[in-house]
């Protein structure tokens, strides 16, 4: 029913789509796959009227669609969750959910109906959120859930989901997919963009693969492919799996970073952790477990009320990131790249070089040449897709933005690196490259604290895994890289904690 | 029971007494009482209160006029000039063209509305920053304002309108009650109407608003139109309350128009409004005016004091916050 | 990007058009002594005050006290000359220090309290307005210093044409122009190439990301505001030179032009990007408009009408260029 | 080596121009009702003295920098004799000097430079201290030599304001304590609304104590006439100038009197002097200060004051011929 033929879209210096085709049938879940920068989000935006195509046409049930703006797509019954969060911070959860069809009577807002409608959508996803909470106070993941609820609030014939689960954990993703299946069964068409191939294979029926803005597989049944074949299609050649660097962590080496009984103003209680040079400590937990906030507390962005932080055995009182970087050589790659990681309106060069200007400068002046050379090194190393290093960071595809946000800290040359959800929204190949890179860094002797909600990732990379739940570390495991067993243990830890906690407060 | 993420979120929530409006309210009340006390009650005498509230009407309305555009992340530098122009136009209609007040008043309001809509349309069509567009239109409107009657003063128009300007109901000037009614209407508009919410959405995050099918262009035009209309209301209040108008009317309104909403807690970046804050801030500024008259203070000292007090309050607020953080 | 798609080119074209228009209608527009030389003096003042505002626009902040910072600094200059008999350079230096100090104070309050720069500098403006009057009435029993340091006269009246090496005299450029030019070049250097300048821009672009990238954002805020104060002081000095006295009225008319020059030149109010060249062009454009319309001798109402219309036209022209550039980009 | 060229390139044009070669520019500080008579006077002198041209340009907007710009523009246009009301009395000597260096005759009209030096050829203006003194005298007379005065005036950082304050104080001092000044309100001449607000607050605070208000600025005069009438207080208002609203006030009794200045005389006699200077005459006493006269007008002489003023103007012109100018 919804058909996009030969879509072309050009941005200054980039041809994002170059004859992409997508055919959607009702009652199917259609996977839209491709590497970072392949043009998936651009395609989604063309189908929802955010951009206008430079060529090609879109038809719905045989009639041509001219989408002048998001409103037209909405009227045509196309709902969407975009890759980037687009919520109004000062508005409540409820209002955000129903923003595109604010219920009113003679121009007056009907708050009761608004709340009820929002409640209904949240309930679909089994999300326990007060509809009156301002979204400014939600975590990234909660925001994503609200965004999904918003897309569900209209009964759309077509639903486009652009990496809806990027920052969700398994549980929430499962709930989302239950809803998706239900929608499919009632005759809706759902497009799913995701880099989590396991999920894709679990829910999708058909697949379109984009490479360099062109469709290389069109609406084929997914059952006919293996994961490896899909990856090869995306990449355009056989994808060799990557060997992680061998490393040995000296058992006796003193910890590079050690938290001892740390409590914070936010409510972390008695957190103790230690990472040795050359070691990767995975920090796993469900959404809202307080891992990101813990990292920020270490960097002095949240107040520590008790306990000590030691860097290389010396007690450290870090007040801000600058101090962490310069005095202690600690870097922090944030999970919230849009607000905290990137300067969207600045060129990629500056985004990468910002942490090292001090080093690049000659007599206080930074030569463009050196800055550019540095940026180019990392663009190449991480395979960042840019039309030129002077492109604005905000114009990159989501995955490439993530790479820029990481590149900045690689450039900074730290001893201790805290990476928070580093591979959110990153394609399979790049993710593998990332893993290789991170393992390589550890092999060079960096101490790495890997905060991730991606369980396979944690199991692949980490030497030890600490599990956090509800602002506390509830257990620590040595990793033997055996995924089934490790994941079981970890999940058990997360749930056991909830259980124990329940008993404690009941007593 | 475990502390769910939701619980934590609400625990962080603001309580009434932590809102800026509340703080401002306390400052205003304290200031008012202190002044009443210091003047030996003179402030509370009917005449003084009358004067106090009568000249509070325009600052409130003009502050709201600015607030409306701030809500969508715009600014309107032409509010003052526009108020003067509408006032002069109304007086011209009554004196030179011989129309009665019931014609002149709606005409002035309409003029404000149209000028505001033109501002908005220019911003949308040219995609130029509203600050600059209204700076240009301010100059144009100043020219028009002067063109009505040169530097001379209009006086002696409609007795009925003047009577309304002088009237008071239950000891409060009618014009002040008009201003309060306008404030309530504006507050309802932003909190209770679909259009009002859409305006705030456009201001808070234009891109997100666009993705939700809201036209930001429409929001900008509506906000400017409303701002112009409120400038028209301020003009009508001026004409009726003051009895004489000339081309200088509105010259002193630009800074107060910004000061009221901003002291009242409205962000320049858009997406939020605070009607109560704006009204209270206008009240605060008026309090200082009166203090000056009561004690015969050199206005320059007053400026110095206002500046120092605001800076001091700002510093104190931070210190207080620090202390509170420590104690939790 | 093609040359003509550069936003600055639109301004240059407009400038050329206006100059051509004005000098056809009023040949006196090209009179060096009575029009062009004074025009350069005026541009110098408004360029520097535009740069002062631009310095904080880089952060996405505003400085509502530019005028009063200029006045207070001018008072300081007058005072050291009046009471201590300081010469031109010492006076200027003192004034610049005072200006920078005031700016830094504003920056400090803003960065420590997190209160909007608009509120803080507006409050500061009020405080300084009062202070200036009190100072002037207290010190010189009036509203201006009766004397000026030696050399101010020369700054006011002379052009380089008055200085000759043998037969060769300089061009008819007023002596104040190099001050403004130097300010523009140094500011440009700062924001384009220096680490501090870039970090200020990054802070303006996203304060949160800047903090999380290890930039000492508070320090940068203070520095940008100090620079703003310093430039405001310089503008006050140049105006005092042009007008002939250190007086309380200096800076009264600075506020709006201070925004006009950088914003016309393409500096955003949102922060994160500045254009010194644009500010130069913006200041030049506004002064040319004023000068030309003055020469056309309109009555007050007409004059204001036309100033507003020409400004709108100038801005719309830039928009048209933008749209056109967009079309060209999309075409191939 | 580098040498400084002496700057005597100009200073040639001044001698021996016939009236038809003289082009006079009258430049007030900005738009103000006081200067409106200059406009007609400029047209009159042009025909009467057969001047090459005479123009009136009020576009300075009360900004010394802009005024300098206007002056230079007019010079570039070929105007060669200037009658200027300096916006900033403390700076204006530099402007005069600038013009003198180019050989143009310059008159300081309606206001003299601050300090003891006048760099213009002559200053023809109201003696503002004297005018304020007369106004205060008139006020004291109407209240029977006993009571409390309030003085409302303009920009405090203006040397003319300082002189006005001195004039009022002088007159009050002569009463030997019978009359007291209880409030001097400055900085309320910027616009009408500010003045109205200040008057309302003043009346509310001290209305019962005040017996007379002396105004030495235009907007406060309009505002206090209106305010006193409205408050129905037995306060005598002494206004300034002869704007229609004020004359109406005198006729209907709400204004006790006003002090007139002599704008027409300043413009005509000033232009006359400039013409003579351009024709080759010199000042007998360079930079002399000439009082153009001030006149107290009450209900008694409201219909006849114009004759006095015309007489004064004629007398001034004679004095220029006989006393101030030396012509060969």
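All chains are identified by letter, namely A, B, C and D, in their written order; residue positions are counted from 1 within each chain.
What we mean here is this: a contact is a pair of C-beta atoms (placed from the backbone, for glycine too) under 8 Å apart; a residue touches a chain by one contact, two chains touch by 3 or more.
Note that the coordinates shown come from a computational prediction; the quantities given were computed from them, not determined experimentally.
Chemist: Any chance you could name the chains that touch chain C and chain D both?
Modeler: The shared contacts of chain C and chain D, listed by label, come to B.
Chemist: Could you work out which chain's C-alpha centre is the most distant one from the centre of chain D?
Modeler: Ranked by distance of C-alpha centres from chain D, the top chain is A.
Chemist: Just curious, how far off is chain C from chain A if you go by their C-alpha centres, in Å?
Modeler: 45
Chemist: Could you work out how far the Cα centre of chain A sits from that of chain D, in whole Å?
Modeler: One centre to the other, that is 73 Å.
Chemist: How far is the middle of chain B from the middle of chain D, if each middle is the mean of its Cα atoms, in Å?
Modeler: Each chain reduced to its C-alpha mean, chain B and chain D end up 37 Å apart.
Chemist: For chain D, jot down the residues that touch at least 2 other chains.
Modeler: In chain D, residues 31, 156 touch at least two other chains, as defined above.
Chemist: Could you list which residues of chain B touch at least two other chains?
Modeler: Those would be 146, 298, 300.
Chemist: Considering chain C alone, which of its residues make contact with at least two other chains?
Modeler: Only 133, 300, 303 qualify.
Chemist: Go through the chains and record each pair that touches.
Modeler: Listed by label, chains in contact pair as A-B, A-C, B-C, B-D, C-D.
Chemist: Help me check something: in the complex, which residues belonging to chain C touch chain B?
Modeler: The touching residues are 109, 112-116, 118-120, 122-131, 133-134, 256, 259-260, 263-264, 268-269, 300-305, 307-309, 311-312, 315-316, 318-319, 322.
Chemist: Would you mind writing out the residues of chain D in touch with chain C in their complex?
Modeler: The touching residues are 1-5, 7, 31, 55, 57-59, 61, 63-66, 68-70, 72-78, 88, 90-91, 93-95, 97-98, 101, 114-115, 156-159, 162.
Chemist: Can you list the chain D residues touching chain B in their complex?
Modeler: Those residues of chain D that touch chain B are 31-33, 35-36, 156, 182-188, 190-194, 196-198, 200-207, 219, 222-223, 226, 230-231, 243-245, 248.
Chemist: Spell out the residues on chain A that touch chain B in their complex, using ranges where they run on.
Modeler: Spelled out, the residues of chain A in touch with chain B are 48, 50, 69-71, 74, 80, 82, 86-91, 95, 99-100, 102, 104, 107-109, 128-130, 133, 137-139, 142, 265, 267, 287-288, 303, 470-471, 498, 501-502, 505-506.
Chemist: Quick check: in the complex, which residue numbers of chain B touch chain D?
Modeler: The touching residues are 39, 42, 45, 47-48, 50-52, 54-55, 58, 146, 150-153, 155-156, 166, 238, 242-253, 289-290, 292-294, 296, 298-300.
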